[in-house]
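Chain naming follows the written order as A, B and C, and within any one chain the residues start at number 1.
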Amino acid sequence: MAEVRCPMCGKPNPPEVDTCQFCQARLKPLVAPEPSESTPPDQAPAADDSMSDWLSSLRDSGAQEDIEHEPVEDNQSLPMSGSDMPDWLDSLRGSSEAGVSAFLAESTPEGSLTGEKTSGAEGEWPLAAELPDQEYVPEWLAKVELEQKLLDEPASPEAAEEGIAGGPEGEPEWLLKVRSKREEDIADSAPLEIPPADAGLPEWLAQSNAGEPLESEASSNNVSGWLTKLRRGQALDETVQEADAGEEVAAPEVSVEETVHIEAAPVEAAEETTTAHAEEPAPEGEIPDWLAGLVAGKAVVSAQENIETDAEGLPDWLADLDKSSSQEPGVIVPFGEEEPGLTFDWLQEQVRADQGIPISAAAGAGEPEELEAEKVGPFVGDLSDFLEEEYLTASETEGVPTAQSGEDLAPAELPNWLEAMRPLGAAALGAAAMGDVEAQIESSGPLAGLRGVVPAEPDIARLMKPATYTIRLQVSDTQQANATKLEGLVKAEGVTRPVPGRPAITSQHVWRAIIFAVLIGVIFWKAFTGSQDIPLPALLPEVLDTSAIIDGLPANPVVLLAVDYEPGYAGEMEATSSALIDHLILKGAYLALVSTTPNGVALGEDLLQNIGTLNGFQYQEISQYANLGYISGGSSGLLGFAEAPRQITPYALDVNSTYVWGQAPLQRVQTISDFDLVAVLTEDADKARAWIEQVQPKMESKPLVMVLSAQAEPMVRPYYQGNPKLVAGMVAGLVGGGSYESAHPNLLGGIGPARRYWDAFSLSMLVVLVLIAVGIVVDLSISAVKNRKGEEGGKAK
Amino acid sequence: MKAPVSTAIAIGVGLVVLLGYFIPIPLLTNLRGILVGWAVILAAVALFVGVANLFLVHWRKISRAPTGGVYSLVLIISLGATLVVGGLFGAASYWPVWIFKNIQMPVETSLIALLAVVLTYAAARLLRRRLNVFTIVFLATALIVLLGTAPIFGIEVPFLYGETGLRSLLTQIPAVAGARGILLGVALGAIATGLRVLMGVDRPYGG
Amino acid sequence: MSLAEMNTPDLIGVLLGFALTLMAFSYVLGDNALFRLTIHLFIGVSAGYAAVVAWYSVVFPRLILPLINGTQSERLFVLFPLALSGLLIFKATPRLSRLGNPAVAYLVGVGVATIIGGAVMGTIFPQVMASINLFDLDAARQTGSSLPMQLVQALFILVGTLTTLIYFHFGARQKLGAVPRRPEWMEVLALIGQIFIAITFGVIFAGVFVASMTALIGRVYFITDFILRLFPGL
């Protein structure tokens, strides 16, 4: 036997099952159709070949069920069997052909629910419409058509005969009961309410839920039941949707409302029927009892009534549809809000605020306290100042509207920043779509004349210009101003700002000019007067050692004189070293001049010339001295010179570039240790250290003497004071030169440069100390006065 | 590894020179002498490269901004004149020494002389800029040494001068201790830096 | 000697020196065109003279002359530094600067090894020995100095040296969640070392001051001499 298509979900099912395996919808009617006299069930007319096999099978099974059911009361006769099929049911089959064929032909896929026509024989399932084209017509659709017909055409005896209802004479008892009950319900219930699931159900609904053997009503009751519950869920959605008129849910609103409209179509139709016939009792035969029974159970709910969903008896998919959330029953979940935790809390709060639901009320509506405590806007703290300000301002200005009644929910007001993020076209489209859908009146198909249904024609047939979306953000003036500021800041990063101009004369210039003038004045005074009254310093230990070393040199020693100072210190170095060099000259020493700086060549020449001017004995001949030139490479050059001086400086820098190593006295010099004395003249402690580290270890027992600037002496003294002594003697600064001159007054004609400078040096030292002391006192006084003024100003404030 | 040739040269040559300090083998000593000799030549050529670079920099300044390149022109003229004079007469002859003595020496000596004025001003403002124990110790030491350097109006203050004077005590004991610590620290740092180069960890030669 | 008695080159030289001295002193009033002119003149002369000296002292006698007048072995011996010198010249050009890296590496290798050897043999060993030998009482007896004073002095210098070295040690163990800090005892010793360093730098500052003051005195005396030569009657 062929598979049975479920009328609700359209999925195939085995023929032997009564309910759909997927959606639990009833596949076989509870009322077994009576076999027709003219046409046995298995002998459908040729025109009824399209009747669904499932319907015929249902009839067979229904007949079987009828036999299996408990015996019913007399007044509850079985549903119509084939032989008892009323004429009105037969007429139903015929009248519904034309109405639903067009719609079902397009909407229903082939081979799903169609392809099998119901049996056209009387007594077959009364709720199924018989279609000549063997297409399936859902029963609700059949009812709708019937209702529409009843509304459009006045009741006529023929219609009464062919139509829905028969007279009391021909009506089964169950139908009568339904009608009477319906009339009672309509009379009793002024506001249309959905009674709670457990109580207040119409008898027929309750009886159906209880499972009483209302066989004749079984199918209709079950159908009524699910439809009723469907209405409950739909009404809930409807009322919730009415509460939220926010545009951001326009798109889902459309689809949801479309769904609602689709689902509510029979409900609305039923409602209309109910409203139309509630006040005036329907004439007998005009309103089918089964339809009246359905209408009696409709659910139109106010927004704030608690709805308890009762999944009992509902198909699962309907139960799921009806369930809005896993929240406790009685909690109204506004539109846009899903389970707590699924959406951003901030949006939840905002939506509530916009909807007029107080946050406290919302919190008291059942949300956990933890969620309430954890609700922190995700952007708080992260927002830049202006965005945060905008957000808070929007929240403050919009405020929390007072809770309104459930029926008058204020449309949600979005904050500016959220509003700005929404494409402008979407709202228009939604509204347009909404308007289009709402305004549209279906003109064809079985739903012709209904408003707001899904169009029968495919969208492609509806020529509609595609909507244009704008991507322009909506920004407020404040946001624009802040954005402009930010842009300016970013641009300013790459632009060089002009340095603020400084005054031409500052206190620094004044102080330096005063110090310079005072010092210059003192020195000029001493220079012009030629004063030499102040005694030279006493013989220092290091000077004494140096003098002793030179005195201990053999006659005509070969001395390596390293002129390793910069031209800027020429004045001090000349004053420091003149006496020592003159001492060497007096000893008849052969001076070999070298330097690790290029300037040392000229400095050495100048030094010897000046000394010669002072002592009256000029060193000019190559037999007296040799300027060996420049040793490049720093420490590396010193290492090479110490090991092989001939290779590093092969020629002298005289006019002839004499190879001095081949003639006396340098002929005997092979290594550094062959020199009788190495005297290093330098102002730099690092150069002195390089000579000590590279040359002194190669000198074996020969002395190394340092003639230093005053600034290099502290760092060389550890080499002099250490044991073993790496530096045998040391003459440092003007003090050392003066001490040497004082130890050897016959040197330099008695007027060495140290003697010349000593008086001016002594006086200028005192002046400098006074200047420093005065400057410290003045500076500290000024800062103390400023601090006091600042404190007084602070206290005054 | 980037620049393996340069790294190999640096490490190889460095190891040979370093080992020569501690292993007195004649072959190693001779090889070290040769390598050091070549390094002295390269150092002088490097000085030429520096002078050439200085010339090119100021030449570009003259080419780009004729109005602002007057100083660069002076530099290039003086450089060229010195090169010509020195090239003609030699490094230690009269005229190159004359140029050195009458141009370079006065300018450089004057700049160092100005240092005295700047240092006096800095010493006077020192306590205002940074007032703490170490600044006070630093300034007090400097003043004591300066005060003990020359006699005041010809009078040598007893507690300042002489071998037992404060100045001698400061310069010969705590200053020597500090200087020795600094020298040891500098030497240790130089050893660490040098070993990093010899191991190839640091490659300051563009590797 | 008056200016009239001076020969022309010396006279011009003295005048030039006097003018340049005054132009350099004008920096007291602030940066100005005369000072900049003087500085650029000075830089050009010093760079030129350095190149002249390097050529006559090193390059010509050790690189060029062997190629011209040397034997074949000498010429071969010079080829390697000549090649390295050629590569070093490329350092002056930005695009071909990488070609000079081997020559620079050679210089760096030799220089670094020299510094290491000198630091070990010339500073570390001698200075450590010097610190130890401070407690050599025999040497102190020979110098005739008082033994207690010698010991106190030696101890003082040793403490100063060690605390100065400790001050320059900035390594610290890192603890979770805390800023790395040296141990307390090390902090105390570093503080003492800081005092020794302050004294040392004070002495160095005094030395720099003395050197600059001497240079100023020398310049002023030069000017005075010039004026006195110009006006012998003064």
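Just so it is clear, a contact is a pair of C-beta atoms (placed from the backbone, for glycine too) under 8 Å apart; a residue touches a chain by one contact, two chains touch by 3 or more.
Just so it is clear, the model here is predicted, and its values are computed rather than measured.
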*Hey, which pair has more contacts between C-betas, A-B or B-C?*
B-C
*Reference chain C; chain at largest CA-centroid distance*: A
*Distance between chain centroids, defined by C-alpha means - chain A, chain B (Å)*: 54
*Centroid spacing, where centroids are CA-atom means, of chain B and chain C in whole angstrom*: 3
*asked:* Show the residues in chain A shared as contacts by 2 or more other chains, in ascending order.
replied: 512, 516, 519, 567-571, 598-599, 601-602, 629-634, 636, 639, 653, 657, 689, 713-715, 718, 721, 735, 761, 765, 768
*asked:* Where in chain B do residues touch at least two different other chains?
replied: 36-37, 39-44, 47, 90-91, 96, 100-101, 104-105, 108-109, 111-112, 116-117, 120, 123, 146, 149, 171, 175-176, 179-180, 182-183
*Enumerate the residues of chain C that touch no fewer than two other chains.*
25, 28, 46, 49-50, 53-54, 56-58, 62, 107, 110-111, 114-115, 117, 119, 121, 123, 127, 130, 200, 203, 206-211, 213, 215-216, 218-220
*asked:* Touching residues of chain A toward chain B in the complex: what are they?
replied: 508, 511-512, 515-516, 519, 533-535, 537-538, 541, 566-571, 598-599, 601-602, 605-606, 627, 629-634, 636-637, 639-640, 643-644, 647-648, 653-655, 657, 689, 713-715, 717-718, 721, 735, 758, 761-762, 765-766, 768-769, 771-772, 774-776, 778-780, 783
_Residue numbers on chain C that touch chain A, as the complex places them_ = 25, 28-30, 46, 49-50, 53-54, 56-58, 61-62, 107, 110-111, 114-115, 117-119, 121-123, 126-127, 129-130, 133-134, 136, 139, 200, 203-204, 206-211, 213-221, 224, 228, 234
*chain B residues within the chain A interface of the complex*: 29, 33, 36-37, 39-44, 47, 90-93, 96-97, 100-101, 104-105, 108-109, 111-112, 116-118, 120-121, 123-128, 143, 146-147, 149-154, 161-163, 171-172, 175-176, 179-180, 182-183
_Contact set on chain A toward chain C in their complex_ = 504, 509, 512-513, 516, 519-520, 523-524, 527-528, 567-572, 574-575, 598-599, 601-602, 629-636, 639, 649-651, 653, 657, 683, 689-690, 692-694, 696-697, 709-715, 718-719, 721-724, 726, 732-735, 753, 756-757, 760-761, 764-765, 768
*asked:* Can you tell me which positions in chain C touch chain B when the two form their complex?
replied: 9, 12-14, 16-18, 20-21, 24-25, 27-28, 36-59, 62-63, 80-81, 84-85, 88-89, 91-92, 97-98, 101-117, 119-121, 123-124, 127-128, 130-131, 153, 156-165, 167-168, 193-203, 205-213, 215-216, 218-220, 222
